[in-house]
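Worksheet: one structure, shown below.
A, B, C, D and E are the chain letters, set down in written order, and residue numbers restart from 1 in every chain.
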Amino acid sequence: MALTDLITAFLLLGSLGFFLAGTLGLLRFPDLYCRLHALTKADNLGLGLVVLALMIQSDSWQVVIRLLLIWLLVLVAGATVAHLIARKAQQDGHQPWRR
Amino acid sequence: MTELIVQQQWFLWMTLLPLGAAVAAFLAPRQAHWIGLVTALLLPLCALAAIAAATLSETQTITAGNWPTPLGIALRSDGLALVMLAVTALVGFIISCYALGYFPVRGHHQSRARYFWPLWLFLWGGCNALFISGDLFNLYVTLELVTLASVALIALEGGKAALAAALRYLFISLLGSLAYLLGVGILYGTYATVDIILLGDMLAATRLNHAAMSLMIAGLVLKSALFPLHFWLPQAHTMAPAPVSAVLSALVVKCAYVILLRLWFEVFPALDTIAIGHLLGLLGSIAIIWGSLMALRQERLKLLIAYSTVAQIGYLFLVFPLAHTETMASAWIGGVLLMMAHACGKAAMFMVAGTIHHTAGSDRISRLAGAGGPIGVLVVVFTLAAGTIIGLPPSGGFFAKWLFINAALVSGQWWYLPIILSGTLLAAAYIARVLGWAFLDVKRSSYPVIPWMMKWPPLVLSIIALLFGLIAYEPVQLALSGAPVSSPVLVEFGP
Amino acid sequence: MELALIFDLILLITLIALAWLLLASSDIFRAVVLFIAFGLLLALAWVRLGAPDVALAEAAIGAGITGALLLVGLGRLGSAEHYRGTRTRLTFLQRLSAPVLIGVMIPSISLILLLELSLHASATPGQQGLVNVLLDVSGTNHGVTAVLMNFRAWDTLLEKGVLLLALISIWSLDQARPLFRQNDISPQLTGLARLLLPIMIIVAGFVLWQGDHAPGGAFQSGAILSAGILLAILVGYTLPTRRQGLSLRLLLAVGFSVFLLVAAATLLSSDYLLKYPDSLAGSLILLLELVATASIAALLAAAVVGGHPPDDLSKPVDRSSAVNGGQT
Amino acid sequence: MSPALLYTGSGIILFSIGLHALLVHRHLLRKILAANIMGSGVFMVFIAMGVHGDSGVADPVPQAMVLTGIVVSLCFTAVAIVLAVRLNKLTGCTTLAVDEESSID
Amino acid sequence: MSDLILPAILLSSLLPGLIIFTLPEESVRLRTTLNLGGAVVKLLLVALLFFHVAKREYTELRLPLLPDMELVLRADALSLLFLILSAFLWFLTTIYAIGYLEDSPNRSRFFGFFSLCVSATTGIALAGDMVTFVIFYEALTISTYPLVIHRGTPAALHAGRIYLAYTLGGGVVLFIATVWLRAIAGPLDFSPDGVVASLDPALHGSLTIIFALLILSLGVKAALVPLHIWLPSAMIAPAPVSALLHAVAVVKAGAFGIIRVIHDIFGIGFSAELNLLFPLALMAAFTIIYGSIRALSQNDLKRRLAFSTVSQVSYILLGVAMATPLATIGGLVHLVHQGVMKITLFFCAGNLAETLGIHKIDEMDGVGRRMPWTMAAFTVAALGMIGLPPLAGFISKWYLGLGGLAAGQPWVIIVLIGSTLLNASYFLPVLHRIWFVPSRQDWPSSTLRDGRETTWALLIPPLITAMLVVMLGVLAHSVGSALYWVELIATREYGP
C-alpha cells in the first residue's frame, strides 16, 4: 500500500465523518433553517474531501481539473439552492426555531 | 415505367411520407388539413405502387442501412405487410376525408383540427412502420408511436371522460408494451437477435422461451383488448371524436394483433403453443358472446359499436386454436380477411355514428326513433357496414367466418361452431335493434343539414365493406405471398 | 471480485427497497423525491453493468428531466390528495384480475424466469463482435453511437418521432402555464444561471463530441441543454414568439425532420433506408447528432413547461398565464 | 451467482413491484412512477442479459435499445403527467374514478 | 355480349336500388323512372337470355372469391324458370308498389331495399354453385327485413324480429351445412347428376346429416311446418311486400334451394338411394294439410292467404320429393303457377286495404259491386288455387297426382284431394261474400274523376296476373308456357 493510498483512505474516512454529521443534522435538527445549515456546510466539506482523495488517485492533470470543477459547481449550486429554499420558507412564513 | 415502379421501395416511402407530413402539419398548422388530405391521397397510390412493385420483384425483405440481419433492422414487404398497408391506406384516406368535415377548419373547435392532423399522420406513419417491421424491438418502438398518438387523439375531445379514457388507455398500453418488451429482452439475451426470421429459425422449446412467449403474448393481448382485458376499450373508443374512434377500432387494435400473428406463425412455431392457443380460443369465444351481449344492452350507438369491436376481436383470436397443421392457411387467411373486413366496416360504422351524433345531437339509440330524411340514409349506411360485422355475404366477414368454420370442422374442433353462429345471430340482433328504432313510426323533428364530407365517405366505405368479399380474391392472393403458411386455403377432409 | 459482488448486492437491495418504499409511501411528494434518488442509484447500476451511456442518460433523464416533470406536475396537481372519496365501481372481473395477476402470475413468472436464467446465463456471445467489426465503416468510433445512429438508425428515427409526437400531444392537451410566479425571481438564481449557462453549453458540446468515441451523444447532451433552458426560463428569459412561434416549432421539429430527410435521401439514392454513403457517414452522423441535440433540448424543456404557447391560437387567453409559459 | 444474473433477477423484481403498484394504486402520479419503475426493471433485464463473461463490457446493441426505451418511456411519462394535470383541473380528482359517473354522456 | 348478360341482369336492379337510397324523398319522378327503367331493362335482358338458353346456349360467368372458391353465375333451364318469374312479377309489383305507396313516407328507403331484394332473388336464380346460392340467399334475408318492418309500428317490428330470428337462424345452419359439404365434397357446382354421388360410402352418414340440415334450413324460407311461424306474422308488411315475399322472393327462394339441393347437388337418384326423399315428401304433405286447416280459421284476409301460401308452396316440394318426371313437372310448374296466382290474390287484398280499408274477411260482404274488376281477378286466382280446370292450379295438381301414381305412392292423391277440398272451403265462402252477400255498409265512392274503382297502377297488375292464371292453364301445352318449359327441364334432367 503506497502512501497515496493511505492518504486517500484517510481523506475518505474524514469525508465520511462530515457526511455523517451532515446527515445527523438533517435528521435531528429542529427546523428547516438549521437543517439546511447542517446539510450544506458539512456535505460540501465532505464532498471536498472525497474530491481531494480522488485527485490524489488520478494520474492526469485533466482529471484533476475536472474534479475541481465538479466540486466548485456543487458548491455554487448548493449555496444557491439552499438560499432559494430558505427564501421560499421565509416567504411562506416559517419562523426560525427558538429555544 | 415498370422499372420506375420496381426500383422504388414504395412500402418504405409509405412510412416516410406520413411522418414527414405530420411534421409539416405541425409546422404549418393553418395548412394542416390540406397537408393531411394530400398525404391521404398519395398513400393509396403508394400502396398500389408498392403492391405492383412487390409482385414484380423477388425480394420481400430488406434491412435498414443494408446491414446484415442480426444487426440491421429487417423491413418486409411480404403479403401481410402489403395487405395491411393497403387497407390502412384505403381506410385512412376515407377517414381523412371524413375528418375534413368533422373538424371544421374555422370556428369554435379549430384547435382540435390543428392538432388532429399531425397526430393522425403520426399514427398513420406509425401503423405503416409497424406493418413492415420484421424486428421485435422495432415493433416495440412503432407500437409505442401508434399508442402515444392514439392517446393524444382520444384526449383531443377534451372532456373529462375522454381524458380519463385516454389516461387509462395510456396506462394499459404501457403495461402491455412493457410486458412485451420484457419478453423481447429475454429473447435477445438468449439469442442475441430480435430479427423475426432469425429467431424463428433458432428458437428451441425451452422453458425460458415459453416464459418470454407468454409475456409477449400477454402484453399484446392486453393491447388488442381480448376479453377479459378489454375493459378499457369501450370507454377509449367511444369518448374520442368520431374519426378517431374509427381509426382506433379499425386500425390501432389491429396493430397489436398483426404483431401477434407474426409472432405466432413466424417466431414461435417451434414452441409448444397448443395450450395457449386453446386459452386464447376460449377467451376469444367468451369475448364473442360477452361483447355481443353487452352490445345488445347498450343505449348509445358508439358504445354498441365499441362492444361489437370487442366481439370481433374475439373472432380474430380464434385463429390461434384453429391453426392446426392442415388448417393453418384457412385460419390465417380467415384472420387476415376478418381484419381487413372489420377495418372497413367498423370505420364506416363509427363515422356514421359520429355523423348521427352531429346531426341528432346525441348518439343515443332511442334518439334514432323515426329517423328519416338525412338520418334515414345514415341508418342505411350503418346497416350496410354492419353487414360485414354480422358476416353477411358478400362481405369479407362472411368469407372469414367460412374459413373459420372450415378450419374448425376439418381440425375437429366443432365446439367453435356454436360460438361463431351465436355470435352471428347476436350481432344481427344488436344491429336489428338499431334498425328497429330507426324504422319506428313516430313523428320526427327536422334535422340540420349534414356536411357533404360527413355523409359520403362513410357511404363509400360501407359499400366497399359490404362488397369486400367479391374483391377479396386479389387481397387474399397478395396476403398469401410470403405467408408463413402453406396449406390450401379451403381445406377438405383428409382421406 | 467478492467485494464487487457485495457492492452489487447492496446496490440492488437498496434499489428494490427504494422502489418499494417510494411506491408504498403515503406522501406523494416523498415518493417523487425518492424516485429521483432511485434514478441516481439506477445510474450507478448501469455503470456497474458496463453501460455508461445508459448511466448518463439515466442520470440526465431518470433523475433529471423525469424528476422535473414529476415535480412540476405535482405542483400543478395541487396538494389535495382526496382520492379516497370516490370509489370506483369495479366489475367482478376487474376485481378478480388484479389479485390473480399479483398473487399468481407475478411470482410464478418470476420464479420460472429466475430458475431458467440461472441455467441459461450468458448463453450467447451477443453482437459485440459484429459491432466491433463493422465499427470502422459506421462513421463513428463508439459502439453504442454506431448502433444508434447507423446500424439501428431506423429505431432512432422513430424514437425521435415519438419525442416530437409526445410534445405535439402535450400541446394539444393544454396551454402552457407559468412555472413560477413572475415577481419571484431571485437575484442569486440569476447569478447562478449566468455562471452555469455557458458551462452547461460547453458541457453539452463536450458530451456530444464525446459520443463519437466514448459514452455520450445527442440525447445526453440534449438533456443537459434542456436543463440549461429550464434554468433560463426560471430566471425569466423569453424567446420571441412571432408568427405563432414558428421559430420554436422549427427548433422542435428540426431533429426529426433532418433525420427524415436523410432517410428519404438515402432511400432515393441507394434504395436502402438510411444507408449512408461510406465517405459521408461520419459527417452525416455528426449533422444528425447536432440537430437532434438542439431539438431534444427544446423538446424536453417544452415538455416540462407542458402546454402549447399561448399565442398558438387566435382565441383570447388569460393574460396572466401568457407571460412566461412556452417561450423556452 | 454471477452479477449478470443478480441484476437480471433484480430487474424482474423491479418489474413485478412496478406492476403491482400500477394495478393497485389509484393516484395517477403514483401509477406513473410505477410504470417508470417497471420500465427500469425491463431495461435492467435487457442490459444484464447482454453482459457476457467477465469482460465487464455490455453488448452495445441492447444498450442502444435501452436508450431508445428510456426516451420512449420519458415521452409517455411527460404525456401522462400533462393528462393527469388536465384531468385534475377538470374534476379535482387525482384518480381515474371519474369516468364511471360521467360515462353517461 | 353473352358473358356480360348475367351480371347485367343483376345490376339492372342493384344499381337503381343503390341510387334510389341516396335520392331525397321528393324526387318522385326520378325514382319512378329508375324503378321502372330497371324493371324493363331486366325483363328485356331476361328475354334475351331466354332465347340463348332455349337454344341450349348456356352462359356462365366465374369470379374468383378465394383460392378454390368462385362466384358462379350460370343460366340453365331451371334458373331461367325462376328468373323469368321473378323478373316479370317484379315488373308488375313495381308498378303496383308505386301506386300503393303514393304519398307515404320513406319511399326511397322502401324502393331501395325493394330493388336489393329483387337483385338477391335474381342472384339466387342465376347461382351456378352452392356458394353463390348461399351468398344471394343470405343477401335476400337481409334485404327483405327492412321491407317487413317498413311500417315501423311495434307490431311490424315484432314481426320483423320473428322474421329475422327464423330466417337468420336458418341462414346460419345453411351456412354450416354448406361449409361442411364443401369440406367433404370439394367444389359444389350445380350439375344434373349431383356432385356427391361418387363419394366414399363411409361418408354417407355425414351426407345424410348435411342433407337434413340443408332441407331444414331452406325449409325455413319455404315455410315447412313447423318452421313457418314467421310467414303469417310477416303479413304486417305493405301489400306489395307480401306479394313479393309470398309469390316470388322468399318462399320461392327456399323452395328453389331445395330443388337445387336435390337435383343438382345430391342428384335425384342418389337422394332416393339414401332414402332422403320420402321424409321430405311426408313433411310436405303434412304442411299442405296443416296450412290449409289453419287457413280455414283465419278472419284476417292476408293471414288466410299466408296460411294458404304455407300449404301451396309445399306442393312444389312434394312434387320434387317424389322423384318421378311427372311429379317433378307438377312441382316445378307450380313454382310458377302458385307465384302468379298468389301475387294476384295479394294485389287484390292490397287494393281492398288501400282503397276501402278492408282487412277482415267479414268486412268483404258485397265488395264485388264496389270493385268489380279487382274482385274478378281475385275470383280467378282463388278458383285457380282450388284447382278448377282449366286454370293454372289444375295443371299443377294434375301432374302431381299423375306423378304420385307413377311413383307408386297413391297416398299423394288423397293428400291432393283433401287439400283441394280444404282450399275450396276457405276460398269459396270468401267468393260467396264478395259476390252474393249484400253489403252492410256504404263504401266511400270513388274519388277518381272517371269513377274507376281504383288507380290504374293498382288495377292493371292484378288484371294482368289474373289473365295469366287463365292463360297458363288454357294454353298449357303451347310453346313458351310454363308447362312447356318445365317439361323441357324434366327431359333434360331425367332424359327423354
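Please note the rule applied: contacts are C-beta pairs under 8 Å (C-beta built on N, C-alpha and C of every residue); 3 or more make two chains touch, one makes a residue touch a chain.
For clarity, every value in this text was computed on a predicted model and none was experimentally measured.
Relative to the C-alpha centre of chain E, the farthest chain centre belongs to A.
Across the two candidate interfaces, B-E and A-C, the one carrying more C-beta contacts is B-E. Chain B has the C-alpha centroid lying closest to the overall centroid of all protein C-alpha atoms shown.
With each centre defined as the average position of its C-alpha atoms, the distance from chain B to chain E rounds to 41 Å.
Centroids built from CA atoms put chain D at 32 Å from chain A. Averaged Cα coordinates give chain B a centre that lies 27 Å from the centre of chain D. For chain B, the set of residues touching two or more other chains reads 71, 137, 141, 144, 148, 151-152, 155, 186, 189-190, 192. The list of touching chain pairs reads A-C, B-C, B-D, B-E, C-D. Remark: chain B residues 71, 137, 140-141, 144, 148, 151-152, 155, 159-161, 163-168, 170-171, 174-175, 178, 181-182, 185-186, 188-190, 192, 235, 239, 362 touch chain D in the complex.
Those residues of chain A that touch chain C in the shared complex are 73, 76-77, 80, 83-84, 87. Against chain B, the residues of chain C that register as touching in their complex are 91, 93-94, 97, 109, 112-113, 115-117, 119-120, 123-127, 130-131, 134, 147, 150-155, 158-159, 161-162, 164-166, 168-169, 171-173, 244, 246, 249-250, 253, 256-257, 260, 263-264, 267, 270-276, 312-313, 315. Taken in their complex, chain B has these residues touching chain E: 333, 370, 372-373, 376-377, 380, 383, 387, 390, 392-394, 398-399, 401-403, 405-406, 409-410, 417, 421, 424-425, 428-429, 432, 435-436, 439-442, 459, 463, 469-470, 472-473, 476-477, 480, 488-493. Listed in rising order, the residues of chain E touching chain B in the complex are 18, 21-22, 25, 63-69, 71, 105-106, 108-109, 112, 134-136, 138-139, 142, 145-146, 149-153, 156-157, 160-161, 164-165, 168-169, 172, 175-176, 179-180, 182-186.
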